[in-house]
Amino acid sequence: MIRVAVAGYAGRMGSAVVDAVTTADDMEVVCGIDPHGTESAGTFPVFASVAEALDAVDADVLVDFTQPSVVAGNLAMALPAGVDCVVGTTGLSNETLAQLAADAAPGTCLFYAPNFTTGAVLMMEFAKAAAPYFPEAEVIEFHHCNKKDAPSGTAVRTAQLIAEARSPRVSEAPGRETEMPGAEGARGALVDGVPVHAVRSMGYVASQEVIFGSLGQTLTIRHDSWDRNSYMPGVLLGIRSVGEREGLIVGLESFMG
Amino acid sequence: MIRVAVAGYAGRMGSAVVDAVTTADDMEVVCGIDPHGTESAGTFPVFASVAEALDAVDADVLVDFTQPSVVAGNLAMALPAGVDCVVGTTGLSNETLAQLAADAAPGTCLFYAPNFTTGAVLMMEFAKAAAPYFPEAEVIEFHHCNKKDAPSGTAVRTAQLIAEARSPRVSEAPGRETEMPGAEGARGALVDGVPVHAVRSMGYVASQEVIFGSLGQTLTIRHDSWDRNSYMPGVLLGIRSVGEREGLIVGLESFMG
Amino acid sequence: MIRVAVAGYAGRMGSAVVDAVTTADDMEVVCGIDPHGTESAGTFPVFASVAEALDAVDADVLVDFTQPSVVAGNLAMALPAGVDCVVGTTGLSNETLAQLAADAAPGTCLFYAPNFTTGAVLMMEFAKAAAPYFPEAEVIEFHHCNKKDAPSGTAVRTAQLIAEARSPRVSEAPGRETEMPGAEGARGALVDGVPVHAVRSMGYVASQEVIFGSLGQTLTIRHDSWDRNSYMPGVLLGIRSVGEREGLIVGLESFMG
Amino acid sequence: MIRVAVAGYAGRMGSAVVDAVTTADDMEVVCGIDPHGTESAGTFPVFASVAEALDAVDADVLVDFTQPSVVAGNLAMALPAGVDCVVGTTGLSNETLAQLAADAAPGTCLFYAPNFTTGAVLMMEFAKAAAPYFPEAEVIEFHHCNKKDAPSGTAVRTAQLIAEARSPRVSEAPGRETEMPGAEGARGALVDGVPVHAVRSMGYVASQEVIFGSLGQTLTIRHDSWDRNSYMPGVLLGIRSVGEREGLIVGLESFMG
């Protein structure tokens, strides 16, 4: 039984983590951490800080979905104490992550992932693997109207991975120069030479399609998600994987295949 | 049995028409027409002009997939003689078509269609019908790398049909202003307010997707084609339909539903 | 301003109706009806029965998303009083609906729809319209694992509509006889001659794809939904449409295009 | 410059190989082999047997797309002579392949692949890689009406690969027991526990979709092909890869990533 402490247990992501850990057979929530209140949620004790929590309970893993302002302090308490950390909170620089990992007790792992959705991570891994075999590649992402920037960070990252992995041979796909007058943008945004198209509609949550083509064939990899619960299998995978690893590990793909 | 004369019978489209008419149970090729040679193809006589053909054989319908320079002359012979015409040759103005139809014998039909692919025509009809019920609509077209302009004429026409049919209520989808620096074009080309995206790959022939969205739902209409034979059901539909119609008719949708 | 009374206003669907009507510019909720309690929700009065409601407030339309056991009684009060009814509650036979409509005051409309999702209704209408032009048609539906029957009612209904609308010409698609030993079911369920396939996954809410094919082309119509809010545009369309209609009307398609 | 001999050079696949090799910058056709005639195709000599060919020209690689009755003899000549072989001809047992490879000169490679389409091979590799992370997986294959069996060999193989790779945890997807009376087959064919659905239409050549699902997310991998040229990048990859390998190698995936 993996003993899990959940920092930010009462937040949107934290409470989903609590539910997922509670439901899993091989792990349990041993405490929640919340500086704003230590009222117990009923099934586990709650502490105001990681320090207090580690004094009181025995935890194997700290899961942190909190705020940029508090995550570094949490990790600085847990890692030297030999508690593996699974972190989804963004905002830490690579340097800070490396420094925190360097201060960890031997055998302790700091795992950070910008994206815990297994399917999205696999989509990017597959795009990287397919890129050398197809001259043409384009990315289409589909998001809800409330998304304020285009294209999405995942689409940009996917295009960059494709650009790094593909053969230097130039694709034969025509570009912006073929756009008809008044139809600028038809060929999308070029991200490192890969066209990226962004579709917006109230009918989507978050989807992405990567299309590879060569003569007479098309390979399409698509990911659709519409629920933050889609993060949870990745969080559980992180919790199960850190026990056997050490040092700083970045990206869920490190634990996949 | 509908008696069909085929102008341009030896060309790429014409020979496909000959095959399709020959295969159909309810029609037959009674002659081919080709100014460059009158050698018989074996199963039907060939004439150098429509005039000669109509003198020699009895035809119900003339199918014309020829050249802009000859089509008007062909129709000017056939229509006054009471022969219905099914025309896929482009280049005739609306005025010329109307004049040719005006000179037709009573009960004779001049049918012209810019696109004979049943699925593409239905895609546009359905897009028009769906537009009033969805705030968001975008068009993605997929073509082979050898296509020299973007977006395709069908995509532009589809966007225009959507713009005409949709409610004046402004879509909530964010536009070009949300494109990140260096990612101009991500939100596509705006055609009458409808974003249109063009994907190019050696892996496609001609495909198009129209995506409609409202809260929590998406309706997608997609057409794929990779063979000029996909024109033939539309040509046969035209041949079967002109007998019961009169005057100028434009667009395959006139005979569909 | 259309004045709307909402029976079952506190239920799952009813409260979504209240939200949608409140948000719309051209209508308002004038009362809720709930036999289990008449505590006001704050912005409108609540009555224990339709009779009491109609005594107290002036309503143009009654929306009923209640139970099979109460809907008939509600309609029997509202229709003779000249209140148009928009009904999503299932369980009323065609005979009962016809009888209720016959007792309505002149100029009053009883509108019942088994499905208020605009996209799903259009998918079926488009399938019906496309069927005559394609020899092959198949239906694939995708639902969450908790769906207890296969195929879905919408898929069966879609297949029946296709079967009624298509030409009697037999499709050339091979059937169950081509299934390899041990792979029975590969060609799906035959519903009136149309193959229907059901996919189940925790990754879906409710999606369906209708695929039409002829030589060298494919026309695909797909609907995805993952939120009961996708019903609401259809309910508002019903509310806006009943005022100009009379008698029994069944199916949202009656008000679309 | 890789020197390539093409057995069956005049056949459907062989002539496509000749075109592809000729077009590539880093290889050339040094001879064709055809027992039925040795008339030169103009740009390279033709021999009646592999033995005669190897006597006359210096070849690095023999590509064999011939018949089950002749392939073993061809390989038995080429491999002991130190010529690497790239084989797409089916019908050789694993035992025969192993024996032929055992008789090869040192440093010589016998490469056999049942499928040379890069995209189809990647689809299967990706399905294998994704399987451990998703409780639900289903396969849908789409082929032309002239396909005489269902499901396709590729679909069956994909399902087997998923079954081997996935966790033993039972999927929550309901099965055949949820099929409604008269709708047997809706849930597809079960291949090692993975539902497989086969769609048939004149509108397809060969496509396949693998759908993985977990709570709130779907990962879809799709491959479409409509031209035998889609085999050629895989054949060229084989020709380029055998020089650095030795012994029997089966499957294009051996050379991919």
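All chains are identified by letter, namely A, B, C and D, in their written order; residue positions are counted from 1 within each chain.
Heads up, the rule we're going with is that a contact is a pair of C-beta atoms (placed from the backbone, for glycine too) under 8 Å apart; a residue touches a chain by one contact, two chains touch by 3 or more.
Remember, predicted model here, so these are calculated numbers, not experimental data.
Averaging Cα atoms per chain gives one point for each, and the point farthest from that of chain B is the centre of A.
Same interface as C-D, judged by over half of the contact pairs sharing residue numbers, among the pairs B-C, B-D or A-B: A-B. Although chain A and chain B carry the same sequence, what matters here is overlap: shared residue numbers make up over half of all numbers found at their interface. The greater number of contacting C-beta pairs, out of the two interfaces A-C and A-D, is seen for A-D.
Centre to centre, using the average C-alpha position, chain A and chain D are separated by 35 Å.
Remark: chain A and chain C have CA centroids separated by 38 Å (rounded to whole angstrom).
Separating the centre of chain A from that of chain B, both taken as means of CA atoms, is a distance of 47 Å.
Multi-chain contact residues of chain B (touching two or more other chains) are listed as 134, 203, 212, 214-219, 224, 226. For chain A in complex with chain C, the touching residues are 203, 205, 224, 226. Within the complex formed with chain A, the residues of chain D that make contact are 117-120, 122-123, 125-126, 129-130, 132-134, 212, 214-230, 232-233, 237, 256-257.
Contact residues of chain B toward chain A in the complex are 134-136, 138, 140, 142, 145, 147-151, 156, 171-174, 176, 178-180, 182-191, 195-204, 211-219.
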